[in-house]
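Several structures are given next for inspection.
Two complexes, one shared chain (subunit A), two partners (subunit B, subunit C).
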Partner chain A sequence: MLLGRGIMFAGAMGTGAAGSLTGAAAEPLKDDPWSLEMGSVVPAYQVPSRFEKDVVRTRSNPNNEFRNSHARTPHHLLQGTVTPNGLFFSISHSGLPDIDPAQHKLVIHGLVKQPLVYTVESLSRYPMVTRMHFLECSGNGAQMFSNEPVQATAQALHGLCSNAEWTGVLLSTLLEETGIDPKAKWLFGEGADSLSLHRSVPVKKALDDAMIALYQNGERIQPGNGYPMRLLLPGYQGNMNIKHVRRIKLIDQPAMSFYEAKTYSQILPDGKMWLFHFTMEVKSFITQPSFGHSLKEPGYYEISGIAYSGNGRISKVLVSADGGKSWAQAALQEPVLPKAFTRFRMPWRWDGQPAVLQSRAWDESGAVQPLRPEFVAARGQTSTPVTNPLGFPNQHYNSITSWGVDCIRVRRGHGRRRNAWPRQADQRG
Partner chain B sequence: MLLGRGIMFAGAMGTGAAGSLTGAAAEPLKDDPWSLEMGSVVPAYQVPSRFEKDVVRTRSNPNNEFRNSHARTPHHLLQGTVTPNGLFFSISHSGLPDIDPAQHKLVIHGLVKQPLVYTVESLSRYPMVTRMHFLECSGNGAQMFSNEPVQATAQALHGLCSNAEWTGVLLSTLLEETGIDPKAKWLFGEGADSLSLHRSVPVKKALDDAMIALYQNGERIQPGNGYPMRLLLPGYQGNMNIKHVRRIKLIDQPAMSFYEAKTYSQILPDGKMWLFHFTMEVKSFITQPSFGHSLKEPGYYEISGIAYSGNGRISKVLVSADGGKSWAQAALQEPVLPKAFTRFRMPWRWDGQPAVLQSRAWDESGAVQPLRPEFVAARGQTSTPVTNPLGFPNQHYNSITSWGVDCIRVRRGHGRRRNAWPRQADQRG
Partner chain C sequence: MLPLVGPSKFDRIDTMKTVPYYKYATTLFDVVRRSMPYQMPKTLTNDELYALSAYILSLNKIIGENDVMDAKTLPQVKMPNRDNFIIWAPDKI
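Right, the complex of A and B next:
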């Protein structure tokens, strides 16, 4: 077992030999100011310490201009698997609507036997389920289609995914009540925000594990995540998980809405397109250490990160510290839950020499996170950071993230150095 | 399967017969104001909707007078198993200290081979673990020692327990590094707040599952819960889980501090005292429906609540709707984790007649939540709400909570009515 190292007490205090300060005579810590005075008031709703002011979501539109807003989760500053609600990622196409939950309604209609309207209050009487699931924007990691490694944090590169405990009513429970016309093959979900983002979802998914979620991590879903109710489609790309959902209309074919016909499609190298590519594929990335962290001295560190798959449970994560030449199996934090973040950990002794940290995940369906050359061959790469040559946003990046470590700080690279791609290493991996 | 009921669409809209509004012609919902305008800015750290302003912790000391502060979790307004950090319960004996994490130190000394000092930064290099655990104040439910049922919400009665995902370094990892003198049988934990609350903990517990926790639900622990580090003792009463921990001193016998010799002891009916009674016993309570909720009409409802035990996993929860005359086994939400909240659920058809809702939990050790007569015989009851006749606070209440339902609202009772104790029903249960 590789353990970390503490700072030797004797050394830290500059006194005595190791072991000489044991016993009742030791009075080792001075009283800091906060140990000498009454503290501040306990608030009704807690917030983080003021010393954590930099642990926030980075925002693409902090002045709320008339366009999209992205707010990214600071994965490099977090631990565990739950993303706290304050830091859960959010993408809004028209700002945060100020919805009165007493007025909000959800209608299920179209090819059903009995159209019905639901409110927050009426749904609260239904059988509920509680499940841990990740959500990920299909554009998460879009910068990594770039043919040059982007120097950026895990927050900037992977901050459009988060993980929470959701509680709500299974959509299958409500559809059992409305009944389904046999002609219905899809449903059309629509939000109550002014953009009315809408997407088509196969009825099969609706009857599987889709949920009308009311609670996130125990409390009501917050406005940026769909207050007061959200269509949750575990494992499916984020934008289909309609926030502020007000309409579910059963239909016989996809609605071909703007967002599914253009924005959220993926152009392939051969010019064809993934039009309905819903599942977020198996993926992992290292959060500690990662870009933005400093390793001040050689010695023991824990390599830790997040793995998840829209197919189900993570079955294995391998970690490399030499850019893919050798791999070792990481410990997975129990419980390993389906379609949820799994934290992986690996003790690592850094010898102070350049290193390249990588992780690679497998899921229970047998899917594996592709190496970079495989990914590029199948999906292409671009010289622009987040769009392909047709101007479509890059989607569904799930290849490996490499963090190059030099003597001072962790930096980003697909490979060993900023300008050196680890193609050979990846092929051997 | 008992399902809830939606509001019939046709009825709600006052138009047409059921089924007549299917198809493309249906345009069932008017646009609310929030569907017609750009929303507000996406914040860096999200907060709940303004419509959730009453979903907060109730506080015993909102003006921060020079005494204890309690802040209670609003269980009757939450769902699932995770308590969000903003609503996690907190008891502070001297307000919230404003601790600079770059200055804070933890010393492990006393009967060790090598005293060591740790900082937030040095601990971040150690192997970490992530575990879901509840915390409960030993005084949670103290009012229920009362020989009269107290009319109060689940927040008021049970709000001093909460559940979170904790990440940190096992104390055993650090003690492996310091070494332990064979004479060490206890450790003395001390916080950096000005009260310096301290408690004695058996070394056996320290080597089992004790943790120096740094993260709660993914982000740094908040000030009210022990920022920047906390001694977490899963299953042990809350006050032993030293917040802002700055000292762990290994000793050969309990320190007999003020808090363990008086405040957190439990007087028994025979005049003897539980002096070192650490484990929070198996317990459950119903959160939906509960005091403060209204049932507007007969029909289907979901009965739901929380069960937990300091001994390990919950193995079974029974629910009664007739004050204990008959019981049925509730569904337990997976995953059922040790020393963590387990959500239980039971569909219920309310016929509009008076009912008494109760839950009773078992854990994997075989321990069972005591019925009221058993509890009173073993532990006593009092006429004062939160202290016994010697002026000691009541501790470790874990008997059953009964919610009486009449035609309008759910009210609190040990039994069927405010003044009718269900002794007979409890004995039959």
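Right, the complex of A and C next:
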């Protein structure tokens, strides 16, 4: 039973004045060992408690084989909207370059009035802006093109998106200085990595809200996220946000580079292909509870998740606990920022019976997260089940994620205990 | 890396995108020039880049085995999938 917005906590529980959410009675405090001795000295750079060792990114290439590597954000173990820098997702097509920031240069040239070279130091003297934005690999969630549900965590399915506060210089500020030849319609961005990773970007986007980002959540950008500077294109395919950016060349037509012409182009069911599908469209997924969590007993739980859209702000999120038969409006955590994660929350009382949890988001442009049948009708699905949870059968999946909560199970070795494991529900609708 | 040779029909949404997928042959030349060989990027001469592009295109039977690729001929190669692309949102450009 979804309990709607703004409901009183005690009312939601229905346990009466003496009840609590978990039923644990108050006990007298005892002095644990850590209360009886002096603790360790504070470190220069602090890291999470050793008890949080499982809250890490999962890696696609842990043995450092000669290929690309991905690290996914553990959404099911995080809360709020800011992804900590150490857990921010990263994809590298050829390994992380070890860039000396004192030697890194960014050149803006091509169809400009005056080509210019910038360094980390020179950019630090320009006016900066700070903005919260998500980044998402356009292959994030692509396993869900599978014609059968993929049993995997929110980390495996949706871990290639993260959200941070970025600080840097607007690209429009720099282009004002170089001047733009009116013939320039695109810019060609290139990174300083071994692949010189490269994409064409419309000048229209560059003049809108593009940034040369230098800081991520207050500190210098992480090596896996583009140290010492990256192109940030809010709401656009992650791959376009060129990491370690060293070249921005203004050109009159797209370069038709490998990543736009092949990797990040999508095959449609009618045999046509999309080019330049830049915007990461409105999407949401539930992170708590989700695959891998267990519900100890029937009772109160908070359903919580993440919504975002490359079009702007999230305007509404609906949540269902019965596989989409009925929906209720979730509370949105303020502030709701454009092209950034928005946390949604919904109180829920689980009656111990099978349930299917879903979320669906709307954005301020009027776009709505497509339901599975309409998404499949437009974009297709695989003809055989996806068996590789790290695979990319296509790009730009933004339909609904369903978590099936099993009915009460008997757990071996503990007598009769009530446990439920959210798993991904059948999505064929 | 992914296979470079494959069929030129892309009739499933998860078809492997090999070289015949590219709209233009220049995409192949450009990615090899900037990024390849994977272990030693940016080490081939222009002559080697054109020769390698010609070899891969001929393996895919897009050009003949004896066709010469250079700055003039490479952009003129008609790729089999060229006319199948749709621009997703022209208003964004």
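Assume the second predicted complex is superposed on the first by the 369 of 429 C-alpha atoms of A that agree within 3 Å, B and C clash if a C-alpha of one lies under 4 Å from a C-alpha of the other, contacts with A are read in each partner's own complex, and residues count from 1 in each chain.
The definition used in the following text is that contacts are C-beta pairs under 8 Å (C-beta built on N, C-alpha and C of every residue); 3 or more make two chains touch, one makes a residue touch a chain.
All of these numbers come straight from a predicted model, not from anything done at the bench.
Student: Can A:52 be said to touch subunit B (first), subunit C (second), both, or neither?
Tutor: first
Student: Contacts for A:381 in the overlay, against subunit B (first) and subunit C (second): which applies, first, second, both or neither?
Tutor: Once the two structures are laid over each other on A, A:381 reaches subunit C alone.
Student: Scan A:299 for contacts with subunit B and subunit C and give back first, second, both or neither.
Tutor: first
Student: For A:40 in the superposed arrangement: first (subunit B), second (subunit C), both or neither?
Tutor: Only subunit B is touched by A:40; subunit C is not.
Student: Once the structures are superposed on A, label A:66 by its partner contacts, choosing first (subunit B), second (subunit C), both or neither.
Tutor: Touch partners of A:66: subunit B and subunit C.
Student: Which holds for A:32: it touches subunit B only (first), subunit C only (second), both, or neither?
Tutor: First partner only.
Student: Would you mind checking which one, subunit B or subunit C, touches more residues on subunit A?
Tutor: B
Student: In the superposed arrangement, does A:84 touch subunit B (first), subunit C (second), both or neither?
Tutor: first
Student: Touching A:145 in the superposition: subunit B (first), subunit C (second), both, neither?
Tutor: second
Student: Given the touch rule stated above, what does A:271 touch, subunit B (first), subunit C (second), both, or neither?
Tutor: second
Student: Across the two complexes, what residues of subunit A are contacted by subunit B and by subunit C?
Tutor: 66, 94, 194, 196
Student: Under the touch definition given earlier, write down the residues of subunit C that touch subunit A in their complex.
Tutor: 1, 10-15, 17, 21-24, 26-27, 30-31, 34-35, 38-39, 41-42, 81, 84-89, 92-93
Student: Across the complex, what residues on subunit A touch subunit C?
Tutor: By the definition above, subunit A touches subunit C via 66-67, 94, 145, 185-186, 190, 194-198, 202, 204-205, 255-258, 261-263, 265-269, 271-279, 379-383, 393-394.
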